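Chain IDs A, B and C follow the sequence of writing; residue 1 opens each chain.
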Amino acid sequence: MFQLSLKNLLRNKRRTFLTGASVSLTLILVCLLGAVLTAMESAEGSADNRIVVRSAISLTFSLPESYWQRLQQMDHVLAVTPLNWFGGIYKDERPENFFAQFSCDPQTLLDVWPEYQIPQDQVATWRQERNSFICGQALADKYGWKIGDQIFIKGSIYPVDLTLTLRGIYTEPNAPSAEKSIYFHRKYLEEALGNPGQVGTFFLRIDSPDNVGTVVQHAEAMFENSEAQVRAETEKAFSLSFLEMLGNIRMFLGAIGAAIVVSLLFITANTMAMAARERTSEVAVLKTLGFRQGHVVRLVMFESLAVGLGGALVGLGLAYVLVRGAARGMENVFPIFGTLAVTPPVALLALGLGILIGLVSGGFPAWQAARLSIVDGLRKLA
Amino acid sequence: MSDPLIQLRGVTKVYRRDQFEIPVLEGIDLDIAEGEFVALMGPSGSGKSTLLNLMAGVDSPTSGRIVVAGSDIAQLGEGELAPWRHRNVGFIFQFYNLIPVLTARENVELPLKLASLSRQDRRLKVETALELVGLADRMDHYPKQLSGGQKQRVAIARALVTAPTFLLADEPTGDLDAASASDVLDLLGQLNQEFQKTTVMVTHDPRAAERARVLYHLEKGQLQREHTGAV
Amino acid sequence: MQIPIKYNIRTLFVRRGNTLMTIASIAFVVLVYVGVLSLAAGLRASLGSKGDAANVIVLRDGARAETESYFEKDKFRILSTLPGIATGPSGEPLASGELVILQILKRSDGSESNVALRGVDEVAFLLRPAFKIVEGRQFRPGVGEIIVGRRLAERFPGLALGKQIKLGRLEFTVVGTFDSGGTFDSEVWGASDDLGNAFRRENTYSSVLVRTGSPDEAEALIAQIEGDQRLKLSAETEPAYFKEQTTATSQQFVVLGNALAILMGFGACFAAANTMYSHVAARAREIGTLRALGFRRRSILGAFVFEAAILGLVAGVIGVVLALPLNGVSTGTTNFLTFSEVTFGLRTGPQEMIGGVLLAVLTGVIGGLPPAVSAARREITALLRER
């Protein structure tokens, strides 16, 4: 029986191919959009016991250095470290040469990011040398940097240019995107600016995720009446706030995805129906030979399921390859898309859609075929 | 005696199926004079339709000459054959082959679209042809609104409208009941007699064959002149 | 085209189940394509005031956008004495020192974004003739009043006309909404001293907009500013600056739109091909008949390609009509170069519509070509034997 189905599919290879290909193509799109939406909502590398404190006005305003101590004295706070986003230009302004540059406090940075793995001797040299920096393994690989190499970064937000020597390379196996940053001494930047004592963000490590809410509230309250009010939030919320800025573009992407699925349904259902219609007479012959309705229904359904599923599998495979390519292409424009991948839920969704399309598009013709009276079918044969 | 209108000499046709060669026609010689009404009979697969297709210029022989009105169509390429067919052949099919989405009038008008005629000329010719086949009152009907006999008469009008050199009919009554078949044969006979339209008809209906003046029998690729019919 | 057009159109109508499905699938592709193009067009229109080539924008050297630029007001005083700067009605130099500040505000859907606040003085309006108040009135300096870009007021409830809002450490009142014909419609404007005071930026400006007599004078002024070692400022013409701001952001959508259109277009081509193949298969005898009547191969080819093109055309028009309600839908995103909110309306203009229809026709023709070729290439005798 299934053999007959397969033979039928092979009989009209062109149509089987066209149908399968349109299923594949559309599922590729679904996977791509799914991957983008997933990447947008993931905040890789953010720990649930880290808090970010920044100016309540916006990220372009900084906080006084004196807040450092006051934050450190709060209950449940294990460590505090200041970070400033430098946002300079390495080599040229092309997006693929963009990476995150932070001015930091080398003494406390690793207390807040204990998951960074870096040899102790490298840390020691880095801490001593004022114009040195550490970078993630991924970034070092990308540019072929070795310990001792010097790099030049032109200031953009700050009117300061940096000349830095690489003294350490860290790894973070759980968050590859975190390996695309460099960290240098905040003192270097402060001195160049004339010691304004300004900090862009403070990162706090809390003793337990349960206490995060309390610390957030206390931190905001503590500076309520100070010259610079602060906003405190979890690291994840902080990451997502950048995506929030993209606005309802996300909604548009979702709508596009829905439109694609609907048009896919049209295309496939149409073709399936066409295939079934052409075989009306054949079905009649099968029936005169004694095949029952159930057989005929299964015959048609199996065919459309095979096309739906086959198309879905091919589409998934291609999407996997494409998404990896896209991830590589986009990670520098939107670092968060570096994590772009066809995640299991997206893959399952695509597979499910493939099956659904097979079922829906086979359902109607199967029902028609089953209902067909032998006489009508044979008449078409004449 | 003047040259025949259609002259076949040593015409063979071999079909190739995979590695097998199937000879269908083996050295056919045939002369059809102008104004003849010829019937070709023969069992299924005898090659009578192939012979008709060769004369219609929709198929080409493996070897041999097919001279129609002085020109050897076996030598023509498809680019020259299409206009040749348009000028010379009126083709009538077993299943009428009317375009279902066009009315009787539009179906008959179709071949005239190939000629550079004014709208009025076309209209006049179409109406004349439809009147000739007795369908003046059915001009704006679609094929599905017509009976089998009426459809075949529309098809005959379509074949006639370009004033072709000859008519070719492939089982024109094969799909019709006896009464309609008789009507269609009457019409073909009338056209032959009144307008001296040379007509070649393939059929396996003996009653149809009786109407022809010359009957050929085709069997196993060979042609035999059977008898000279009525009239 | 010798085969009558109505033959094609009526045939499409006869096989309407099939035809409608194909039209629907192509129309969806067009809908998505036109939607994304409208996004890009709207964004381009909102960011892309063309600017005046006689106007020069001055930023701190190294800064790529006003939002990351700041310098002492002293430099502004030096700037405004440079030669080549045009003068206003009362003889004042047409140089507008402006303070741009980003403030986090809530959108109507509860999400947050950075909104650009621009502190200006009267001269700013002389430099922007397109600027006009739409509702309410102009702000008065010194009393904490602001005016808000028209679209921004729609999308940020806190910035509606008459609302009180805390910016920095001071309270402001929204007294008007304005239309600047582009770029500034996503901004909040107030007196530069008021905003400077609220954010303790009394002594800095972010940018200076300068008017010169002609594009040539503008170039000369730029050379002079960039050559001056004391200033450490960079300058470029207004059109050049606007263009940089626009392309990066809207380009992403154009790329997205094209990528989607190509991928989905392929899918739709398959649909069109399938439909036309079935049309061709079902009409084999008709084709054979036409050929036997004397129609040439190329007439058959033309007829089927034409049929597919009509299919695409109808689908394209439907898709564009479906996309029309998108026109004017207000949305917003962040321009990551300036790090600030851009609010804009989707713009479905003639260009976007024509693009959509063309895509559909192209889809139809590409999809219809292989079946048309196969129809034209088959032997007449084989076609006539088909049922």
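Worth pointing out:
Convention: a contact is a pair of C-beta atoms (placed from the backbone, for glycine too) under 8 Å apart; a residue touches a chain by one contact, two chains touch by 3 or more.
By chain, UniProt protein names: A = FtsX-like permease family protein; B = ABC transporter ATP-binding protein; C = ABC transporter permease.
Keep in mind that this is a model prediction, so the values were computed, not measured.
Chain-to-chain contact here is organised linearly: an open path runs through the chains from one end to the other. Chain centres here are means of the Cα atoms, and by that rule the chain farthest away from chain B is A.
One inter-chain figure worth recording: chain A and chain B are separated by 70 Å, centre to centre, where each centre is the mean of the chain's CA atoms.
The geometric centre of chain A is 26 Å away from that of chain C, both derived from CA atoms.
Chain geometry summary: the mean Cα position of chain B and that of chain C are 64 Å apart. Counting partners per residue, chain B has no residue that reaches two or more other chains. Against chain C, the residues of chain B that register as touching in their complex are 50, 53, 56, 58-59, 78-79, 82-87, 89, 91, 93, 95, 97, 99-102, 106, 110-111, 113-114, 158, 162.
The touching residues of chain A, when paired with chain C in their complex, are 14-15, 18-19, 21-22, 25-26, 28-29, 56-61, 87, 93, 154-157, 159, 227, 231, 241, 244-249, 252, 255-256, 259-260, 262-264, 266-267, 269-271, 273-274, 278, 333. Contacts from chain C toward chain A in the complex involve residues 17-18, 21-22, 24-25, 28-29, 31-32, 35-36, 39, 60-64, 67-68, 101-104, 107, 109, 111-114, 168, 199-200, 232, 252, 260, 263-264, 266-268, 270-271, 273-275, 277-278, 281, 331-334, 339, 341.
Of all residues in chain C, only 2-4, 6-7, 10-11, 13-14, 285-286, 288-297, 379-381, 384 touch chain B in the complex they form.
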